[in-house]
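All remarks here apply to the structure that follows.
Naming follows writing order (A, B, C, D and E), and every chain is counted from residue 1.
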Amino acid sequence: MFGLSDADITALWITVKLASVSTVMLVILATPLAWWLARTRWRGKVMIEALVAMPLVMPPTVIGFYLLVLLGPRGWIGGFLESIGVGHLAFSFTGIVIGSMLFSVPFVVQPLQNAFTSAGGRVLEVAATLRASPMDRFFTVILPLSRRGFLTAGVLSFAHSLGEFGMILMIGGNIPGRTQVASISIYNHVETMNYSAAHSLSLVLVLSSFTLLMAIFALNRRFKVVSVA
Amino acid sequence: MFGLSDADITALWITVKLASVSTVMLVILATPLAWWLARTRWRGKVMIEALVAMPLVMPPTVIGFYLLVLLGPRGWIGGFLESIGVGHLAFSFTGIVIGSMLFSVPFVVQPLQNAFTSAGGRVLEVAATLRASPMDRFFTVILPLSRRGFLTAGVLSFAHSLGEFGMILMIGGNIPGRTQVASISIYNHVETMNYSAAHSLSLVLVLSSFTLLMAIFALNRRFKVVSVA
Amino acid sequence: MTLQLEFNVDRGDFALDAKLSLPSSGVTALFGRSGSGKTTLLRCIAGLERYPGHLSFQGDIWQSGPGAFVPTHKRPLGYVFQEASLFPHLRVAQNLEYGFKRIPRGQRRIQWDEVIQLLGLEPLLTRYPDEISGGQRQRVSLGRALLTSPRLLLMDEPLASLDAASKDEILPFLERLRDELALPILYVSHSLEEVIRLADHLVLLDDGKVVAQGNLQALLTARELPFVQTETSSTVLDARVVDPESEDGLTELDVGGQPLLITRHAVPAGLSVRVRIMARDVGLALAPPEGISFLNCLRVTLLDSQPGITPSQLLVRLKLGEQIMLSRISRRSANTMRLQPGQTLYALIKGAALS
Amino acid sequence: MTLQLEFNVDRGDFALDAKLSLPSSGVTALFGRSGSGKTTLLRCIAGLERYPGHLSFQGDIWQSGPGAFVPTHKRPLGYVFQEASLFPHLRVAQNLEYGFKRIPRGQRRIQWDEVIQLLGLEPLLTRYPDEISGGQRQRVSLGRALLTSPRLLLMDEPLASLDAASKDEILPFLERLRDELALPILYVSHSLEEVIRLADHLVLLDDGKVVAQGNLQALLTARELPFVQTETSSTVLDARVVDPESEDGLTELDVGGQPLLITRHAVPAGLSVRVRIMARDVGLALAPPEGISFLNCLRVTLLDSQPGITPSQLLVRLKLGEQIMLSRISRRSANTMRLQPGQTLYALIKGAALS
Amino acid sequence: RVAVAANFLGSMEQLAAEFEEQTGHDVIISSGSSGAFYAQIVNDAPFDVFFSADTQRPEALVNEGLAVDESRFTYAIGVPVLWSTHEDLVDAQGEVLSNGDYRYLSVADPQNAPYGLAAQQVLTELGLWDELTSQQRVVQAQTIGQAHSQIASGAAELGFVALAQVIQEDGDIPGSHWIPPAEYHDPIVQQAVILNTAQDQELAEEFMAWIQGPRATEVIEAAGYSVP
C-alpha cells in the first residue's frame, strides 16, 4: 500500500492509537477544568489560564526532556511508580500518551472554556427550575450546546498528536511496535534523503486524517446549528 | 540577565517579533476565512474545515521541508519571487513568519469560526434594521461578541509560535540574528548538553510568556462577560 | 399561610424589601410597574438569586440565614420565565419532556396529553424553538413548566404575547389547575383583566417595596390604592347561586339579598361565588328606570366619591349590603343628579362575570 | 398607497399569501392569532427573510422578482422585534446610539432627548441589557428603533410586557409620531385597546391568509369579522367638535346632528374627529330616561341584531345618522323591551373617547 | 557562515572563537541536523561551509555540483562510547551489554545518525542487536544529544553516545563507560565541505585550512574526537 513498509504500517497504527487515546482521555480530564474556569469568579483564575497555555511555549523536545526527567526512574512520578512496583513511564506507551496529553492541554481547555462560557446563562436557570441537578444540567444542556467546542478541542488535539514527534521521540524512545509513531518515520525519511518514502508516508497520513476529519465535520453538519444569541 | 548570552537575547527578541507578527497577520487573514466558514451553507465547506487542520497532522520538520521546497528558489512561490527580483523566502524572517502562520492556521481558524457561529443570529438582524452594512455589522457586533474566540486564537497562535522550532529550523536555517529563535537556542543547548543555559533560557521564555498571558487574561476579565444564550 | 418570605435585595440603584405571607392555594397576583422588582422577587423565590432573606414553603425551609439554602432544582416549583427561554438545541417535544421526565411517574399530577391539547402544541412538537412563533414559544414554555407538576407555580407574564382567543383557551385551564390541584400560583401580569379573573390575592409592588398585599376584593376598592383609578378598576362581590339555569342563558345570583343576573355558568345552586363588576359598567339612577336594556338594577347607598382618572369623571363608592362596589360616572351627571353621601340609589349593571 | 406588497411564503407546514396596499401615513394594525404569520410578514417587509414576492415603498422598489432586493440596512425602516434583542455587549446608551449614529444629522427627525425622556430611559443608560427588567428592555428596544428616524416603522408587539401606566405614557408619543411625522406604522398587537387607539387601518391575518384589510371603523363593525364578537368590540364614529371647553371638564361634539359629550380634549372647535365607543358601553332605552347617570343619550334606529359572545347576549347594530354603532345587551332585556328592526331607540353611552 | 551538525556545535563554537580572535573575521554558526542542512543547501541556503556529521551528505552535495569537490575533508572521526551515569554499571569489557541488569539501552537512530549506526554495528557484532530490539530494550533517540538526555535522566540506564559528549574539560568521564574496539563498527567520519554558494571562497578556504591546522586539531582531539 503506497509502498509502505510493515514498520511504517505499525507506526501508523500506533500513531492512531496514541492520538485517539490521548484525545479521549484529555477531553474527559480537561472538561471539568474548563468548566471550572468558565464558571469561577476567583481572581486567580488568570494564573491557571496562563498556565494552561504553557505547554505550547516550550519547544517539544525540551518539554520532552523535562517530562523524561519527571517520568523516568529518578523523577517524582516515575520514581514513585517505580517504588510501588509499577515501573517508570519513560519509553512506554503510557508515557507518550501522557506527553501527548500534556502537550494538547491548551488546544482542549481553551475551546471548551469558550464554549462553556457562552453556553451558560439563562438556559441553565431554566433547567434548574425543571429539576435538573447541576450534573444533569451539565450533561443535558451545556454539553449539547458546546458541541462545536468539543469538536474543535478534539480535532486540534487529535491532529496535533498525529504530527507531534519531538517530544514523543524523547520520552518514547522510538521503540518499534511500542512507541514508534508515523511522524518519526517521516522525519527519518526526510533526514536520510529518502524523499519518495517521506512523500508517500506523508500522503497516507494526510489523506487518511483528511478523510477522517472531513467525515467528522460532515457528521457535525447534520446537527442543528444552534446559534445562541 | 539570568546568565543569558547575547545570542540568546537576540534569539528571544526574534522569537517575540516572530510570534507577534505572525499572530497578528494570521488573525487578520484568518478572520474572513473563519467568517465565511461560519456563514456558508456550501456543502463542500467540510473539505475546507478538514484542510485547515492539516498543518497539525504533519510533523513540523516535514512541513518545514515542503515549505522550504515551495519558498526556496526552485519552488513555485520562491521561484516566482526570485524571478521578479524580490528574492526567494527561504532562510529569511519573512519565510519563518509564513511558516509560523501556516502552522498556526488551525489554532486561529477553529476558535474564530466557533465564536462567529455562536455570535450570529438575531443581533445581526437587529443591526441590519439599524442601518449597519454587513461590514459594519461584522465590526460592531460580531467582533465584540467574539472577543473570547479572538483571545483563544491569539493565545494559541502566539504561544505555539514561541515554542515551534522544527519547522522554523528547516526553513529558517537557524541563522543567528535573522532566523535563530529562542526555541532553537534551547534545543541547541539541550543537544550540546549545556543544560544550565537551556534551563535559564526556558525559564525566561516561560516566565515572560506566562506573565504576558496572565496580563492578557486579566485584561480580558475586565470586559463584560457576555453569555449569549 | 404557605409561602412565607422576607428578602432584602440591594443592587445599588435598586433595593427590594419584601416581606410576604402568601396563602396555600389560589392565585396571588404580583402587580407593579416595569422595574418594580416583580421578576427579582420570583427569582429569589425560585432560588435563582441568592440575597439575604428567609423563605419557607408549606413548612419546608428553602432559605434561612446564610447557611440554609435549598438549590433551585430541589424546590418543587414551576417557573414560566418572562422571555420564553426554550432550549435551542431541543425540539419542542424534548423541551416539554425535559422537566416531565424528571418527575417520578407517581408524582405527576398534570398529564401530558392534557397540556399538549390545551395549549395547542400538537403541531409544533417536532419543530425547533427558532422555527415557531413568539406566542407559540410562550405556550411551550408554559407547558414545560406545568409538566413538572409543580407544587408552586411562578409565572412571569405567561400570556403577554398571546392573542385574546388563545388566552381565553388557556385561562380556564389555569383556573382549573388552581381549583382542582389547589396549586398555589404567583402570577405576574400587567393585565388587570387577567389578574381579576384569576387572582384571589394581590401583592402590589412599587420600586421594590410592598405597597399593599391582601385579598383581591379589598385591594381593588381601597381608596388609597391606584386600582380604583384605572380604566379597568373593578369590584369583586360575594354572591350565592340562586338559579343556575334561569331563562335566556342566564344564571341568577343573590347579592346581599338582591337578585343579580349573569351569563349562565354550570354552578350548583346554593354555592358561594364571586362576581366581578367593573366600575365603568355601573351606572346610577335615582329611581329604578323602565324600558331600558340594563338587566340588573340593585339598590345601593352612596358612600363617598372621589375624582376619577379624568377631570370629567367621578369615582363613586357604593354600599351594597355589607359590600362595597365602585361606579364611575361623569361629573356632569353627578351634578345633575345632585348626588349626596348616604343617598339611596339604583345601580344599573351592564355586565357582570363570575371570577 | 405607500407600501405595496405581495409575498408568497411556503414553509411546508405554513404558507403565507399576502397581498396588501397600505396607506402612506397612519397606523396599520396587523391582527391575527398566534402563528398566523404576523412576524413573518414584518420580516419579509424588513428584508430579513427573502421569499418570492414584490415590495415597494413610496415608489422605491425594495423587492421585485428574483433580482431586485434592497438589503435590510438600506431600507429606511425601524423594527421593534417581538423579543427585545438588545446587543448584550453594549450598554443601554450604546444600544440606543447604535442606529442613531448611523443616521446623518440632517435626517434625524426624532430627537435623542425626547426619546430618552418619554421612554424613561435616563436612569438605565449606563446599564447592560442583562441588568434591566423585561419591560425596560422593551422600552430600550423601542427607543433604539425610533432613534433611526425611520420612514416606516414596523412594531411587533412593542408594548406587550409593559404595565398600563407605561403604556399610557408611550401611546401618546406614538400617536404624535404618527400625526406629526406622518410616519407610516405597521403595528402588531393583541390588544384591541391599543389597536383601536392607534390604528386607522387594519389587516386581519388568519393562518397566513389576509382575511380582511381596510378602514378600522369599517372592519370593526363588519358582521362577518370576528371583531364584533370580542369583549372589546367597538365602533368608531366621525364627529365634529362643537365646544371644546364645555363645563365639568367636558368637550361637546356633534355626531350626525346630535350632541355627544366626552372628556375634555384640546381640539379646536369645528375640527372633524373620530370617537371610539365600545359596544359594551352602549345601553338602550325605549324612551330618554330621567335621573340617571348616563351623560349621553342619542336617538338611533335599530338595524339588526345577532347572537353575542355568550348565549345570554345579543349584539345590536344601530344606525346613527349615516353611521353604524354597536351595542351589546342581554337577550333578556331585548325580550323585555321587544326590540324590532327599524325601531327608534335611545342609546345610553357611558364612555366615549377620541381616537 | 558555518552550518554545523549539532553534535559538533560545542567544539565549533570554541574553534570559531579562536579563529575570530586570530584572524579578526566573524564566524556565524548555524547548527542543526545534517539532513536538514542538506535539504536547505539544495534550496540555496546562505552558508559558506558545511560541517556534516557524516560523509554521504558532503558527497551528495559535491555530486550535485553544490559544493567544491577539492574542499571536502575529514575534520573529525567520532568515537562512540557506551556510557552510563551509574558508577559501576559499565565494565571495562562492555560485558554488561549481554549480561547486565538494565532495562533500556539508548542509541541514536541508526537510520540517520552515524553514531546510531555505529552502535547498531557494535551490538550486531556482539550478536545482541536482534535480541535486544525484539525485547524492546533498545530505545532510539533522534540524535545523540537526545540519547545523552535519555541516559543522563536515568530513564535509560546506559547507551551509546559520542565520547565528545561525555568527556569533560579535564579529560575525565563521569559515571562508567566502555569504548568499543574501533573494528566493531565503521568509522564515524565527519566531513566538511565548502559550498559553491560561498560568498567569499578565499575566506572559506582560509577557515578550512585553519581547521586542519595543529591548534584546531588539538582542540578537536581534546573534545573527544580523533583526527586522521
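By our rule, a residue touches a chain if its C-beta (ideal position, glycine included) is under 8 Å from a C-beta of that chain, and two chains touch if they have at least 3 such contacts.
It should be emphasised that the depicted structure is a prediction, and the values quoted were computed from it without experimental measurement.
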(request) Spell out the chains that contact subunit D while also contacting subunit E. (result) B
(request) Hop across touching chains from subunit B and tell me the fewest hops that reach subunit C. (result) 2
(message) For subunit A versus subunit B, which are copies of one sequence, does the interface use mostly the same residue numbers on each side, meaning over half shared, or is it different?
(response) same
(message) Need the CA-centroid distance for the pair subunit A / subunit E, whole Å please.
(response) 35
(message) As a quick test, compute the distance in whole Å between the mean CA positions of subunit A and subunit B.
(response) 19
(message) Need the CA-centroid distance for the pair subunit B / subunit D, whole Å please.
(response) 57
(message) So the centre of each chain is just the mean of its C-alpha atoms; given that, what is the distance between subunit A and subunit D in Å?
(response) 61
(message) Show the residues in subunit B shared as contacts by 2 or more other chains, in ascending order.
(response) 61, 65, 122-123, 145, 190, 226-229
(request) For subunit E, write out the residues touching at least two other chains, lowest number first. (result) 36, 39, 146, 149
(message) I need the residues of subunit C touching at least two other chains; which ones are they?
(response) 83, 88
(request) So, with touch as defined above, which chain pairs make the list? (result) A-B, A-C, A-E, B-D, B-E, C-D
(request) In the complex, go through subunit C and note every residue touching subunit A. (result) 46-48, 71-74, 76-79, 81, 83, 85, 87-89, 98-99, 102-103, 128, 144-145, 148
(message) Give the list of subunit A residues in touch with subunit C in this complex.
(response) 122-123, 125-134, 136-137, 140-141, 144-145, 224, 226-228
(request) Spell out the residues on subunit D that touch subunit C in their complex, using ranges where they run on. (result) 13, 32-35, 39, 82-83, 123, 132-136, 139, 156-157, 160-166, 190, 192, 230-231, 247-250, 261-264, 280-281, 283-287, 289-295, 310-313, 327, 329-335, 337, 348, 350-351
(message) Under the stated contact criterion, what part of subunit E meets subunit B in this complex?
(response) 1, 3, 6-7, 9-10, 28-32, 36, 39-40, 42-47, 143, 145-146, 148-149, 152, 165
(message) For a test of understanding, state which residues of subunit B touch subunit E in their complex under the given definition.
(response) 61, 64-65, 68-69, 72-75, 78, 88, 90-91, 169-170, 173-177, 180, 188, 190-194
